Amino acid sequence: MSASQVDEAREAGSTAEAEPLLRVRGLSKHFPVRSGLRGRHLVRAVDGLDFDVRPGQTLGLVGESGCGKTTTGRMLVRLLEPTSGSIEFDGRDITHAGRRELRPLRQDLQIIFQDPYASLNPRHTVGRIIAMPLQVNGIKPPGGVKARVRELLETVGLNPEHYNRYPHEFSGGQRQRIGIARALALRPKLVVADEPVSALDVSIQAQVINLLRDLQRDLGLAFVFIAHDLAVVRHFCQRVAVMYLGKVVEIGDRADIYERPQHPYTRALLSAIPDVTKLGPAGRIRLAGDVPTPLDPPSGCRFRTRCWKARDICATEEPALVPRDGGRQATACHFPESGPVGAETGGPVDVTVEEVSK
Amino acid sequence: MSLSPVEGVALAEIESGGDAGAPERRDVLGRSPGQLAWRRLRADRTAMVSGVMLIVFLVLALAAPLIEMAYGIGPREQFQNLLDGFGMPLGYAGGVTGEHWFGLEPGLGRDIFIRLIYGLRTSLFIAFAAAVITATIGVVLGTLAGYLGGWLDAVINWITDLTLAMPFLVIALALTPTLVLRFYGEREQVSSAFGVGVLIGVFAIFGWTSTARLVRGQVIALREREFVEAARASGAGLGHMLFRQLLPNIWAPILVSFSLAVPQFITSEAALSFIGVGLSDETPSFGRMIYRSLDYLQTDPAYVFFPGITIFALVFAFNLFGDALRDALDPKSSR
Amino acid sequence: MDRPESAPSGQPGDRPSVPEQRANGDPYLRVRDLRVRFDTTDGVVRAVDGVSFAVERGRTLGIVGESGSGKSVTSLAVLGLHDARRATITGEIFLGGRQLVGLPEEEVRQLRGRDMAMIFQDPLSALHPYYTVGKQIAEAYRVHHPRAGKREARQRAVDMLGRVGIPQPARRFDQHPHEFSGGMRQRAMIAMALVNDPDLLIADEPTTALDVTVQAQILDLLADLQAEFHSAIIMITHDLGVVSQVADDVLVMYGGRAVEHGSVEQVLRRPQHPYTWGLLSSVPSLHGDADADLVPIRGNPPSLINLPSGCAFHPRCRYADRNGDRSRTEVPALSPTGEAGHLVACHLAAEERVRLYREEIAHVGVAR
Amino acid sequence: MARFLIKRLFSATLTLFAVSVLTFLMFFALPRDPVTGMCPKNCNPERLERVRDELGLNDPLVAQYAGYMKGIVTGRDLGSAQGGHCDAPCLGWSYVTNEAVSDTIARVLPVTLSIVIPAAVLWLLLGVGLGMISALRRGTWLDRLAIGFSLTGASLQLYFVGAVLLIVFVYNLRLLPVPSYTSIFDNPVKWASGLVLAWVSLAFLFSAIYARLSRAQMLETLSEDFVRTARAKGLAKPKVYGRHALRAAITPVVTIAGLDVGGALGGTVITETTFGIQGLGRTAVDAVRSGDLPTIMATVLIAAVFVVLANVLVDLLYAAIDPRVRLR
């Protein structure tokens, strides 16, 4: 049984839940990379993802660099062509849909980018930037484009009179709001938000998170929220998928992931976050080494080189993402943990870094 | 603004918070990057001085027939009576008088000043035409190569390499008479318009590579920028991507490279005329004059001096202006 | 203006790990009324405007602030890395009893890398791409040990690489920075900074570019090394979490000025400045009610070129009106609160601040 | 590395092949009949036809090209009028100069080398030095002077500078002899004094460009983080600049220098014409004027070889300087 089956099982249980808006199955992206004399090599940046997003639901994709979360986001809005697997949106298969086939769906599927400086065309006025999706899709909103843009500016908390300003006249947080307004221009059903707050100052982060929460609530938007910061995700997402080296290692509802994480990696991540409420050295789990390069991931369980519970089976057999306790939480681990963070079995093992960096 | 090694960080820190409170107080109409560049240019004294110099040159060139009328001497008039028995101009500094401001050519006895004015006209016309054509070719090829990539990129790159591997002067030298003879007979009088056309054509064939490389690089850099991806994610077509998203962001470097290409073509035209191709002696041009003048280095140095200084002043003004333009368009460029 | 004449000290027993420092109490670095001014085309920028602090050996000072707060400028001023032609530095910087402001460049240079060292945010760009990691570390050693031979320097560099947790240091010595992973590069950077056993280490956002699991390793490593080498550390960061984890004392900067200064316990548990409150309540946390809204600070960080008058924070402060025009017209002095070593620059009365924090702030944000 | 070289040499060969084909086509279209040039007045049509046949000019174009290329690789037999057998690399026989083209090239190539190599050394030292100083002393009068120098140099014409130098040093002051080429092995002093004006004028113009380039590069490098790191280590400024900044700043300069030198080796037409020195460039110009097809082909090909080889060399050099560059 896979994560999707979990979702399906859940669906069978409670008929009240709607059909998934986004259904992703076995989604993979492999990049060819030339290396040395051996010739071509495949980087499995994303390797067989399964997840669903229901209307109005927020799914967080969390992980460290190289885990494939950004690649996944780009595939969902079809900026990248998936290598295999399928993406179904609103009941239609869009995995390999062309520009024309996607056109009616574009309105429903939008993206917010990370870098508030790179994501706005410096030569366009704010009005033009926000109206771009309307213009590109030939949509004339009732009341005119200008009225719609003003309305959007107001929605994201900017002065509608700033219509004719240029991006360089705004601060980082304000620019991110402009990017959000652009994504909302077509009244989408699902927004992929790729690290929307990680480039912002702390005091501004909270403003933008609150804005996104308000929008999600008021407009009933579904989100795929990509982030490396588990604390941010916790404040925004109802469901969370933790990724490691191109795979989902754990997926579950917020309460499960944060209070009862089962995968050692999820626990390590949670434990590593410096916590303002605690003075002095943080949590006791320390992973050794860096994330291995996706060019040459470890065999079996990809996390095993940094895992304190790794045994022989971890090197030979890749653990499947299976639900535990018949619940909505699925974990890809041979030796899942239970209980709250800090109650791990077995102490952190010193994994030599050399092994890791290979 | 230029930054020293350490202040780079410090000032980046200062600037990053920029504009925060300010927009509230400014007028509601924003200033586009283009307007800002224009203001910077206006504030730059070098830019203004060199700009005025260029305008003067341009007006002189355009008004050449008027100047001829006022000056009262044509570019092909000969004043043999003012030359001595060896064909050298009488008087000081190559025959400079109130009537012939820059003196006379030795041998033919034509007026140097009015020939310089017409030479300016020829040179500027050729240079501008060549710069426009090469910029167009360069932008089209560079954009295609950069944006579409793949085999097209490889082919365009290879053609660029090939073009760069051809020795320009030799090929141009050989090509020009070939073309002339193809269209005119062995002894026919070649029209000066044709000569000019051939020259522009030769420049067009060889001159596009740098613009193409520049544009290609810029497009590749922009292609991955998030605002371009945003347009793609909204379903924008090729036209929108190229003309609305990409080109508005690369016109600045294109403009700079254009402004620096014009003086290069002026020099190249002169160089070609200098090695004896390009324009016939009928058409007044800088290179032609210098080429002829070399024979009189010892006997009439003033003849080298006037065209040499004029061409230097022209190219210098263009280079100054091009530099200032670069600074205005890209204030972070190091200067 | 009030200046902290004595080093702000934490509550006794705050950090039992550094006992003897409390006794002799003479800070290794003491900065007093530091001002750094840049003359730019857009006018004079007061990047640092009267900042004072002190750090003892074996203790860590966290300097917190957002972009444009002047925290990096401060650290570069301590190292004397500003270009004298562009930056005007006044005030006092005493390092081990020596005043650095006004000291000839050559003498400051001798101190750099030997008595004080720095690690930077992005180790990839901070290491020279063309030289091997080992060579760069050995070079740092040989600058200050001119009599050391090549072999000795190499041995020292290899030792340091091993000490910071890089496996097979002898082999890694001959690799270039691009052959290292992000975490390894930062370790190498630390090895380079510590190769001369400096008494002061300034770490400018050392973990911002790293993954969170690697950040934890690096912070642990720094703590270990501090215990071993007994150096004073200044940790510059925007992340309150990092501060809470490593700092003994905290300096909060806003618009080039210090707004709150005290022990980590005082600043993070009993903060008295509305800006610190704002930072704490806007940080997303792993605890408490995930569905409650965060409480952001309104507005945007100020531009140093165009700093608001009076209290630089007043346009964003919810309580600015309580003092009539004072917030707009008068720069609040950094003054002692009721607690020893705790300084705050705010026009609100001390009792009111304590009350406000208890009634309005403590239940939101991190403290909830 | 080996793989890179093979690939790179393959593409270089392809480029050279294309150059040779293009040149061949272009000059085949050259309307002047080379034979007419050979016998100016007293040629009757039959004799012309016979010579043309002997030269292979009546063969199909492809056969002519193939013959030419074969000559380069293996050598070939030419008619008795063309000096009999011609060893590889056979570049053909010039009807104009009545000698094997390879002999002409062997005679003029050292001339161009003698002009370019010392000039290149001079312009690199001067240009890079000036650029570095002006970057390090940015904003001072020294910097402004260097900027003025480079702007002036970039706007001057070689023939103008050459002419002025000739007027001053040769005709007026009579400090130097009229420029000419003497082999360095025969008389080094004469070699230098005959070419020094060419070096100086070339170096002046090029160093202006290099001063601008290296100044910009140096300024950019100085704002790099690793320069700050070097200072934070306590390195003295000469070491920071000399060892850390210079090495990074010089890399793009080296690239461009390689390409420029490669281009110049193919013939410094203007310089040679200005100073009346018979090098590769002047030979090419003369060949074009007299319709000397084999000589044109040879000069164009040699110029292309230099450019293409310079490209390969620059790539290798880049990899040698920057360890991040991997050749593949």
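So that you can tell them apart, the chains are marked A, B, C and D in the order they are listed, and the count of residues begins at 1 in each.
Here is the rule we use: a contact is a pair of C-beta atoms (placed from the backbone, for glycine too) under 8 Å apart; a residue touches a chain by one contact, two chains touch by 3 or more.
No experiment lies behind these values; they were computed from the predicted model shown.
Trainee: After masking chain A, report the chain groups that remain joined by touching.
Mentor: one piece
Trainee: Looking at A-C and C-D, which one has the bigger number of contacting C-beta pairs?
Mentor: A-C
Trainee: Let me have the rounded angstrom distance from the C-alpha centre of chain A over to the C-alpha centre of chain C, please.
Mentor: Comparing mean C-alpha positions, chain C is 32 Å from chain A.
Trainee: Which whole number of Å gives the spacing of the CA centres of chain C and chain D?
Mentor: Computed value for the inter-centroid distance: 56 Å.
Trainee: Taking the mean of the CA coordinates per chain, how far is chain B from chain D in Å?
Mentor: Taking the average C-alpha coordinate of chain B and of chain D, the gap between them is 24 Å.
Trainee: From the mean C-alpha coordinate of chain A to that of chain B, what's the distance rounded to whole Å?
Mentor: It comes to 51 Å between the two C-alpha centres.
Trainee: For chain D, jot down the residues that touch at least 2 other chains.
Mentor: 224, 228, 231
Trainee: Could you list the positions in chain C whose residues touch two or more of the other chains?
Mentor: 66-67, 81, 85, 300-301
Trainee: Going through chain A residue by residue, note those that touch at least 2 other chains and give them in order.
Mentor: 171
Trainee: Under the touch definition given earlier, write down the residues of chain A that touch chain C in their complex.
Mentor: 64-65, 171, 173-174, 201-207, 209-210, 213, 228-232, 234-235, 254, 258, 268-283, 286-291, 293, 306, 352-354, 357
Trainee: Which chain A residues qualify as touching chain B in the complex?
Mentor: Counting only chain A, the residues touching chain B are 74, 77-79, 99, 102-103, 106, 110-111, 113-115, 118-126, 129, 132-133, 135-137, 161-162, 164-166, 168-172, 179, 182, 186.
Trainee: Quick one: which bits of chain D touch chain B in the complex? Just the residue numbers, please.
Mentor: Residues 11, 14-16, 18-19, 22-23, 26-27, 29-32, 138, 151-152, 154-160, 163-164, 166-167, 171, 215-216, 219-220, 222-224, 227-228, 231, 263, 266-267, 269-270, 273-274, 281, 284-285, 288-289, 296, 299-300, 303-304, 307-308, 311.
Trainee: State the interface residues of chain B toward chain D in the complex, per the touch definition above.
Mentor: Chain B residues touching chain D: 2-6, 8-9, 158, 161-162, 164-167, 169-171, 173-175, 177-178, 181-182, 263, 267, 270-271, 274-276, 290-291, 293-294, 297-298, 301, 304, 308, 311-312, 315-316, 318-320, 323, 333-335.
Trainee: Please give the residue numbers of chain D that touch chain C in the complex, ascending.
Mentor: These residues of chain D touch chain C: 139, 224-226, 228-236, 239, 244, 247-248, 321-324.
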